[in-house]
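Here is the structure we will look at, set down as structure tokens.
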Amino acid sequence: MTTPRLLGISGSLRSQSTNTAILKSLCARLGDQAEMSLFALNDIPLYNADIETQALPASVAALKEAIAQADGLIICSPEYNYGTSGVLKNALDWASRPGFNSPLKNKPVLIMTSSPGVLGGVRAQSQLRETLSATLSRVICGPQIVIPGVNQKIQNGHFVDETTIEFMRAGVDHLIAEIKLWS
Amino acid sequence: MTTPRLLGISGSLRSQSTNTAILKSLCARLGDQAEMSLFALNDIPLYNADIETQALPASVAALKEAIAQADGLIICSPEYNYGTSGVLKNALDWASRPGFNSPLKNKPVLIMTSSPGVLGGVRAQSQLRETLSATLSRVICGPQIVIPGVNQKIQNGHFVDETTIEFMRAGVDHLIAEIKLWS
Amino acid sequence: MTTPRLLGISGSLRSQSTNTAILKSLCARLGDQAEMSLFALNDIPLYNADIETQALPASVAALKEAIAQADGLIICSPEYNYGTSGVLKNALDWASRPGFNSPLKNKPVLIMTSSPGVLGGVRAQSQLRETLSATLSRVICGPQIVIPGVNQKIQNGHFVDETTIEFMRAGVDHLIAEIKLWS
Amino acid sequence: MTTPRLLGISGSLRSQSTNTAILKSLCARLGDQAEMSLFALNDIPLYNADIETQALPASVAALKEAIAQADGLIICSPEYNYGTSGVLKNALDWASRPGFNSPLKNKPVLIMTSSPGVLGGVRAQSQLRETLSATLSRVICGPQIVIPGVNQKIQNGHFVDETTIEFMRAGVDHLIAEIKLWS
């Protein structure tokens, strides 16, 4: 099998987003385990079926193509109001179309969450898994990857907590195993 | 007590949205039970804490002001991917700030969902209640207001199913009772 | 108003249950804020509508009577499999009958969770709130009361972490305020 | 591959349980698609870690052995209080031990729900999927198998709605495909 191609999606749009920093640092640490790139959600419009019917926005078409080309996804989300961000839910709503037959179908997905507090954004995981189950993607089960106290683990924009990086890499191993099941 | 002022928010942006039609028709049928207006989410940008810190977008400021001025909210949401729309979650993320002390705090909220299918969007209700509980708003409990087969219940843009309208008005009675608890 | 009577229910049956210890220690610390007693779920049978129809088991009748007599409930639950315990869900299934008109209707409820780990059982809170919303009880919203590292906070069967006790007492204040809304 | 062995578990204990009837009728209709037997939860005690540590009750040992011997599970649950039954959650709590390494680990599971009403018990599906994800079992994603109006579809104890039976058999096909992925 060739090297798996992974797509990272951050649920936060902030330029200094800790979730984005985590994904970028993970990219740099995967070595030959996998190739990984990121897709930024900043240009995705609010979902509107009127627009979808007329002409798919270029940013949405690019998101769906990037998902289709990837062997697996890694999502890193903040926790807003005990769930994932509306930003990420909105992107998944676009990507989930057409229902039960979108680029997300059968796609292995690894979920991660982070927060500045002690709970590591864990309350967002259930909602993300539920959303993704509706798309028929294959969410990796395993010890949930939650990253508490995230602000202390980032220096100069790089995520530097080695224990967490090893934990994430073990999650990526599970993701790749799931990808290989289908190859 | 003066006539309660209610704010309706639709989770769909489509011009022919059935959720919006339901809310509009409800407005017209409340009589002297309450005054009700709608707030459209079309201009709300994706949540980005960078933007929030610099200058609150006018549309978001207007949303938060409309919520603050209302005695209670009525949300009508579609069901996307077993949850509420990212559009609505995103609006609630903006409105929920600052955390635990936003205009949503202690605000009575009535939830309704609709769908063209037989389940009436019920899978979105749990997610909406969870989101709102995080804002410390007061979600009305009662028989869930779910509206299946919605396309058959709308004629010329008006929601015309009398049984459902009576069901919704009973929900509004609960909402108003909750409002009065706090007056 | 007379002193509120609160009923504590632990979601764990272990004789050394940390959740039970938390509730017992809270009883001892409420002073004249409220009277509080505990109801143990050990004798509640598995829910079976056949049994319910014939003759309500004495333990279930006692549970429902204790709930009916209480002004408010305090539930302390472990987290099993990202949710509340089946033990507690089963007890609530019994207590929730008849649907929409059980002793739980309109009953103010404060939820707490604990765990030996760092997440404090928070993943059980969403499920408990959802269950209780179906009973039309009034779950208190507020900063979620989660108690991580619980084993280190119990000495000789007593819960001794003063910071958490003050946090719980603030939650009890919210519970009592909700009770008084209805008095 | 040999014929897959499936284990059916009903979330209701009633002697005339519609969920049990559905599973029994499905057994009879699988032909050479799979072998299927049922495990009744009536004798499973309330979960108590004290008991678990001393001596596993025979009924629990039998449940765990039956799960271990099965290639896949089919769960049919009622909806109680917007979730699965406490009876079923309690059984899964027992079966999930030891955590992350129980007989449920990697076990393909098909979820079905039924109700006398129009929603078919769908509100229980999310909670069941969340519980099972914690056990690292592999819940089949696909159009959710919800069975509304169940009382009209049972005659003399047999589930007779052919449309639903075909729908369930398609779900079993997905379950078997998942089983074969791992063979």
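The letters A, B, C and D name the chains in turn, as written, and every chain counts its residues from 1.
Basically, a residue touches a chain if its C-beta (ideal position, glycine included) is under 8 Å from a C-beta of that chain, and two chains touch if they have at least 3 such contacts.
Predicted model, so just to flag it, every value in this text is computed and none were measured.
Between the contact lists of subunit B and subunit C, the overlap consists of A, D.
For chain pairs A-B and A-D, the one joined by more C-beta pairs in contact is A-B.
Taking CA atoms, the transformation carrying subunit C onto subunit D includes a rotation by 180°, reported to the nearest 5. Each chain gets a centre from the mean of its Cα atoms; for subunit A and subunit B, those two points are 29 Å apart. Averaging Cα coordinates per chain places subunit A and subunit C 36 Å apart. Spacing of subunit A relative to subunit D, judged by their CA centroids, is 30 angstrom.
Shown for subunit B are the residues in touch with two or more other chains, namely 82, 126, 130, 133.
Contact residues on subunit D toward subunit B in their complex (touch as defined above): 82, 118-120, 122-123, 126, 146, 148.
Those residues of subunit D whose C-beta lies close enough to touch subunit A in the complex are 100, 126, 129-130, 133, 136-139, 141-143, 181-182. Residue ranges of subunit C in contact with subunit D, taken from their complex: 12-16, 41-42, 44, 46-50, 80-93, 96, 127, 130-135.
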